[in-house]
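A short worksheet on the structure shown next.
We call the chains A, B, C and D, going by the order they appear; numbering starts again at 1 in every chain.
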């Protein structure tokens, strides 16, 4: 197979996962170089990656490298995309591209100008079950979309250090749901109302964030959506989606590591859902890289682009404002407010 | 068995169902009389009900009748309760008691003064699956309650005539969900935010109502709740409930008339949910009457009282206001507004 | 409603259940008399049954009584059917009619001669889920029937006293499955192979019976069937059925008292199945009586007749022989052997 | 990672699957050579396998190759294992090792003498769901094993050419179930009774085989097992397993490519099971290779060895005899009969 030469920037937990997927499960990729400030040399060598460095230049300056996977710390994503774009390299970037809509808009411009493909890591768009759900929606089986329900609950509250630099629940966690609602509805979010609280861990509150939320969305096509979130569902990573319409409903339930069912006097017991996004979305993480490399080869569009990142962040900005001001917020108003303009 | 002598006022569709349940499935009851303006004589005779009349007096004035089941048209409920209370009879009344909080408060006073038992037809409180869910909540299995989710969708939009006199989606339909959230959380609703639209049938909009809604609730104990509604889920009566907490989650899924599963090339096909509340809540409708008669005999409390009706209507008032004004509404504010007072 | 006057003979556990169903849930019946050797007077009075006696004559000699429900001890069923037939009364008889095929044949003749309706208590034929399964088979959705699977497991091994007079596992318990296979396949059993053992309780072995069995059946239409049985499934009454065919499969799973699902760190826990036949087949027990009374009024056939009882007992005879001789047994051979004839 | 150098002999459909798994999903392996009579050169090159030939010698004579994966045509398995053993190479061999117990015994001896690891491709022993089921059995959650149920149905009847050289249903298909019963019970099969027929396709009968079977097994520990098989379940690859015991039951249901559920007026529709063993057991096929390579490195036992292959074939021999003679067959008797000895 004619492989695309790839470089990886950032090899923390997520970076390692993407790199291992590229090496083991993405035959279209040849990973030539990995750069990371605290690079795990043994790990990189075990994957037979030829070039290993703490210097991003080994990726950005190598003319053989056609595509860059950016999984550095979130705050550096936008700058690294700009650098890669300037070097004429296609980019797969983990979310978030940035927390500020303006920054993302600049990235969009830079990518457009450089003529590169830019895919954002909204992994759910590549999940087999969600794609199957979408097939039912697109085929018209459920008619016009009326209501979308998303349940997104993490199995365990993150460390407070992470909470502090995460951008907050809406930007770090609910952002996936904003994108999912856009993906499932094929429509834009026009208004957001967010309520939330600190019910899981007071330390999250002390860090200035919330851990529980319910977000209601109005979409441009008149449909409604509702998202419920928690940082901690002790029984596992709870990922459920439903699109309800005029001719029916289509839903995706949790997946489990095994279909085992034990029946005893205590009950009929199934396995709890997966323990996190790595196992739940394993196939999606591989599929999104293959879609990206397909786009690089001109075989189709990227799974999610910077415009999608922008739309999701705008919804997060509105959700934050809604939560703080305890009122529904329109996205155009939120966009204006974020730019410092007066909102009537 | 020592039976309680019962009279029924109102024998339309719901009245007939309750009466048949009393005769066939509630051994504690002897139905002596039924009164209804357009009484179906053949039906009443087939049930061997001795006294049949278009005049409510045969129920209200009969000293042998200890308890009255009021299933007349909604607008007459409050007045009939007052009359029955004045006659010293215990009352089971279908919801709604009334659409105005003040009227319900008057009913509460009248019942209290007369020293009668008054139960309201919030049938879900007597549903075996919901009671089983509650058992899990009360036993502490799921820890502190964080989020409640209710999906309530009717199988078929009602006739426009019904829509016009129904009191509107929040008062006729979502009212059950407001009560359910109070029941499941054991806490009071303090704030309501409602969005909705006319997505099922434009004629419902023309009649001044909506057919689709998402309602977010804040509860006194800090928990959140979200309700999604539709007047028409073509696949059946969709009734799902989930209480999520610090130690887990408990849910009740739809029930079906049969557990049949057919596997063919077209899919693995289960039966759709029940086709309406009569079949879905059959056991609940019987159980609520038995609970009421048990309360009449002093064996326990009623399943839902007029205070519960009042709380649910107050939430409906707030939801209507929230929908109209496009902002969250606090229940005390809604109560004040409903009384014509100024809300700051 | 024009009611059929019914008498009950035998008011032990099952007799009481049928009588209560007749009184509370079968509007077509008026229970005029109940006779039982150790009659519970208080119970009979609480049901307002006018005639209560230890003498069967109050039922058999009352010209007003049109139909008799026989739920006396198993050994007396055949004789009571003959007496009722002689009195010109229609008969609903609990299974077993008898343990010997010849006796059942005599009963068949007696009923035919008397021109009465005779229904046998194969309750599963009236179960909503099994009827729904049959509807899929009959409609051709699964094509030609290839294989039938039945799992029949009781929640708790019966008392040894019962085991001793039960007729043995094949006659007391698997007999329902023999009938079910005939019902589901619409074909006759032609060969039986039975293996089994004492795995639940050695006392059952000491009483000359087994508690676990797997029975393979060949049917006249070429289909195969397999039944697995246990006297004790600690998690509940396990009743599962599957018909597999050329165009698909249709199955009925266990039902549960509630659809509750609790998700905690320990698993995703559903309720165990019902705790016995009374709760699992509640609707079937009522429906079979209504079908019987419908047949009495000429509105349709009985749900299962004495020929069905005969066929099931013949299969049980063959199963016992197969188990004892450790070889497959053809039903015609078993029938001959049971008559003392030589089988080549 | 220190990789084990592997050679593959036989690159038909299954051989290609194993090779691709070795290259893409088994980091412990380096596939140096592939030999196959009709080798697909483009395919082998796309996997970057250095040595590609139609001559097995490139695998068997290469001193660098430590382990051989044998996926040649079934008739050549035993001879190839002997050759690989003689060359001192560890062997993973697809089932069947051979159709005759004696041949397998010779292979067992040859492997033992050579001191090599020999693993047989009973893939289910490496399936996550079945391993999870086993964990419940071994932990004692379900108590003593009483009954095992296996449903094994292929989605589509194989081509008649394949049927003719397959060894027949019991040797080609049910052999997996014989092994599964041994694996799940931890006990040996002592008696087999098999019934079957040609219900799917008359051409299968014309080729001297059957397409539908029910097999009952008695195990050494007193437990019973029942297997039902079909060559064609039009709704997909039906793989269900249940172990029932004194303290409960544990089961594994079918898996599906997606958890999608579509609810419309036509029903609540889930996806059909996987379309064949490649997708259903994808994880198992990878895991079994990793277990084999772990055993080669001395990290643990193989997942299934030649003794397991022998036991399964002995059960198949007994099943064939049982089916032909229409009687239960003991395995020692079958073994004796297969050797031409007299069985009393």
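Going forward, a contact is a pair of C-beta atoms (placed from the backbone, for glycine too) under 8 Å apart; a residue touches a chain by one contact, two chains touch by 3 or more.
Just so we're clear, the structure is a prediction, and the values are computed from it rather than from any experiment.
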Quiz item: Which neighbours does chain C have in common with chain D?
Solution: A, B
Exercise. Hop across touching chains from chain A and tell me the fewest hops that reach chain C.
Key: 1
Self-check item: Most distant chain from chain B by Cα centroid
Solution: D
Quiz item: CA centre of chain A versus CA centre of chain B: separation in Å?
Solution: 41
Quiz item: Between chain B and chain D, what is the separation of their C-alpha centroids in Å?
Solution: 58
Self-check item: Per-residue multi-chain contacts in chain C, two or more chains
Solution: 233-235, 247-249, 262-265, 271
Quiz item: In their complex, what parts of chain B are in touch with chain A?
Solution: 144, 146-147, 149, 151, 153, 193, 195-197, 199-200, 212-214, 216, 218, 222-226, 228, 230, 232-235, 238, 244, 246-249, 326-328
Exercise. Please give the residue numbers of chain C that touch chain A in the complex, ascending.
Key: 233-236, 256, 262-273
Exercise. Going by the contact rule at the top, pick out the chain B residues touching chain C in the complex.
Key: 1, 24-25, 27, 46, 128-129, 131-133, 136, 141-142, 247-255, 257-265, 271
